[in-house]
């Protein structure tokens, strides 16, 4: 079994969720790397696009922001914000979009907070805010979220609900008037999680090699079903080779 | 709205004429790309204050304006500078200190609000943010809104689809138009009449320009009208939308300008260090902003050698192999 | 929505696959420019009927489809072919004969309806048409609308500004989104994956393409993806919006295609004469449409000499000095 | 006094209404020619644009449709329909736009019909429909309308109100929720007309040389005040020279 870092495993665990032909919305950092890995390993016909309007960027170098000039080079279309968000809200294209996100807090229904910790009006910690995250989470067919597995991040109640997941579970998302679609997967430094088809509650789908379900539950602020979990397959030599040599040779993201 | 045939002027004159304390202003660009930094620094030097600022995802320009105390209210979707500051530092401090009032929207919502202003309608609809705190929590209270003619009475409105089941869309969020006093954008090419050509992604600069009473354009290259007319499919903003054209090479520095120069990792990393604490930040402002006569002064201080490292490679439009750690 | 890497096909196959009797269809172009004429003639040859057609200001393509009996319902702003037919002739006759049901909107309203479909919202607002018969008179009755799931229950809605006096706009007209089954456009350049580059004015072709379930693109030039990627600021439609790409030089003939060829005044004048009466029009259809195997056949019939007269001049993009009387 | 045709006089009568710096929306035919004449004679800084999205076209040759490739050559911006109508609805630019229109019928408040004659549902005559006319008439600061002076065209009541003028007069346009602005002038083969500031009723502002107010009233289906009318100044040699040599040398519109 090859050597690999936790970050490499996380990246590949998310990349494996992307199907060939998906339109992949991503930010920067590990979410971009997962999209690049998917395109280079599992989903050659997937199209990566950025909220800034860049479609199918070549990405010879890793961009450090979604407005990095590196996303503008050798695209199929250089558009604008209005175009890119319309593509996600559009009823023909939106359902085929997979959004890869991150956040400061997540709850058991996959709702995300990237705005404030503490009281919104007197925040203990202020973050960047939604950006396009709320739009993506509102519009697209599937979202995958990267998180660090910590109690303060997996919380019973968000301090601020920035991006809608399954809201209060069950059919509450539909009742709120949001399009079909929503969170399908959460990938952390310990595990992968999904959401129950009917209750929409988070449950454990996979634990990383060497990690037990108990370790995982000890690191989160709410309980979840672990009965359906299997060990996550470690990266293959091929996956690692492509990830390291094609996606991030400078290890700007892999570190 | 201005039809003069020569709108070229100095940045100082343009800012004196169109940017005033208490004005409602929007700036173009996105995070670390094409922020109108020369104009931002000029506004800071002129100590213009109490600005009501609109932006979608800036970024470095927003953080410098906040850090220098120019901004009292901010309507924004995302205040970050990518890897160099996932959350803008002076923004974060100002919000946590309660010295800046923020109204949070999503990126698409801010784009739609600029677009509504550009289209001349009071709102546009979207399905974004239903069921979230973007709908529930208003940074500007109802009272603050009712007392200020410049603010819509509602942050946004959730309505049932007036066309029933048409479009399988039961509910919508209506976001109010933005019509600001002035918009500042930095572009690759403009002519003296004000026609603009941006290269690469345009972000929401076109909508931001068209929703404003006045528009200041700073440009890398001031070209002849004939140059732009020969390939007018590539021009985005008509001259009559623009009030002032200022030729400022490196006018987006330290943010990037596609096909001209990259963002400057060295400057942005150094800025982060200064921004972390009050004393160093005062030093930063003194040494890099107030101490400069103009943008040229900053570029000279940074030095040709450092600017050469971010020079765009003609094939890709950015600085290939630039050390970005 | 289609991500295949090679969407090139024959026009006959594309029409068989995506255009069916009773379908809701929109065509791009404007009056006498960039109408997807090759596709229009193919639809006529295949005797596809009962089409529910959407257009803003076509134009010659609309008139030929109506003249051949392919269209039963039409939602449109303007049916004219410029100086060659200020009102499209077969359109005029069909409406006066009561064989075509028309729903009238303004040009901006049709554009907004396509845009709403492209944006994925059920309506967009405008101040246009308040106080007019466009609001008062509905071509499609309320009953017809309530019985047909494919039609919105209202032609449009007049509402009070939900944001009160915001934007000094007391009232608005909401126009319903169009999401048609298929949109046909003819463009200057496309690649096999479906990425599109139009030159000159794009009219509403982009919105029309993005609001449709399926899109057929006919193009003057089929180019390599690398050719389009090298200058992607100039591309307007991403590949995943397109289902079929068909390479058909002169595919907009007898309407114009900027930088390739002008409209053909001789053909359009001749068409007007044929269109004035039933018998001659039957002759026209037999000789110029049904009698042709494909678009190539029509071009051969017209002849190289006549096509040469409308060849675009490289400097201006049209046929300089063309006899247009 | 130089020889001139009626069409030349009409063109120049309308062109004289355009101020330097106006943004001029026009169609084709005589409305385009009036805009070209204004730019070349009275309003060098005016900008001509077309609903199709072409701004400041050079117009080396006269276009025969607003989508004629001749409007696309040597423009300052080639946009699209959404852009051009937004420019007219936009609260900063719209008030500076002057729209030049034509129609099949006009009433005394300057409302226009370009859709149907007879019953809308069983029309005796069907015309092209609004196109952008209703949008322009709804949005812009000033409109100028060309008409043939005939009883069947100047009617007490329109068969179909396509484009809003002053609606029922007085403040009815404002009451309907339309922006400020509206029709300021009508130019025919006999005369020029304006609209009363308070009643918004059409009145005679000028009669062409050799035409009497009585001739004019005899050719329309409603009455109007003729007390404020003066004779329209005939074209000057300079005006004719520019119109003939610069605007329409092929006489495609002048005939």
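Per-chain numbering from 1; labels A, B, C and D assigned in written order.
Here is the rule we use: contacts are C-beta pairs under 8 Å (C-beta built on N, C-alpha and C of every residue); 3 or more make two chains touch, one makes a residue touch a chain.
Here the structure is a predicted model, which is why all the values come from computation and not from measurement.
Enquirer: Which chain pair is joined by more contacting C-beta pairs, A-C or C-D?
Expert: The greater number of contacts lies at C-D.
Enquirer: Approximately how many whole Å separate the CA-defined centres of chain A and chain B?
Expert: Chain A and chain B have C-alpha centres separated by 28 Å.
Enquirer: For chain A and chain C, what's the span in angstrom between their mean Cα positions?
Expert: Computed from C-alpha means, the inter-chain centre distance equals 40 Å.
Enquirer: Distance-wise, how many Å sit between the C-alpha centres of chain B and chain C, to the nearest whole number?
Expert: The separation of the two C-alpha centroids amounts to 38 Å.
Enquirer: Enumerate the residues of chain D that touch no fewer than two other chains.
Expert: Answer for chain D, listing residues that touch two or more other chains: 74, 78-79, 89, 91, 139.
Enquirer: Hey, what residues on chain B touch two or more of the other chains?
Expert: 120-121, 126-127, 167, 169, 172, 179, 200, 233
Enquirer: What pattern do the touching chains form: line, ring, star, complete or other?
Expert: Graph shape here is other: it fits none of the named patterns.
Enquirer: Please name which positions on chain A make contact with chain C in the complex.
Expert: 21, 23, 45-47, 55-56, 58, 74-79, 86-87, 89-96, 139
Enquirer: Within their complex, state which residues of chain C touch chain D.
Expert: 29-34, 56-57, 59, 76-84, 86-88, 91-92, 95-96, 98, 102, 104-109, 111-112, 115, 126-134, 136-137, 139, 167-172, 200-204, 206-207, 256, 258, 262-263, 312, 316-318, 320-321, 324-325
Enquirer: Per the contact definition, I'd like the list of chain B residues that touch chain D in the complex.
Expert: For chain B paired with chain D, touching residues are 1, 3-5, 118-121, 179, 193, 195, 210, 212-213, 225, 228-230, 232-233, 235-241.
Enquirer: Quick one: in the complex, what on chain C touches chain B?
Expert: Residues in contact with chain B: 116, 120-127, 152-154, 157, 159, 161-164, 166-167, 169, 172, 174, 176-177, 179, 199-200, 233-234.
Enquirer: Which residues of chain A touch chain B in their complex?
Expert: Per the stated touch rule, the residues are 28-29, 51-54, 60-61, 64-74, 78-82, 85, 89, 91, 115, 120-135, 138-139, 160-164, 167, 172-173, 176-179, 252.
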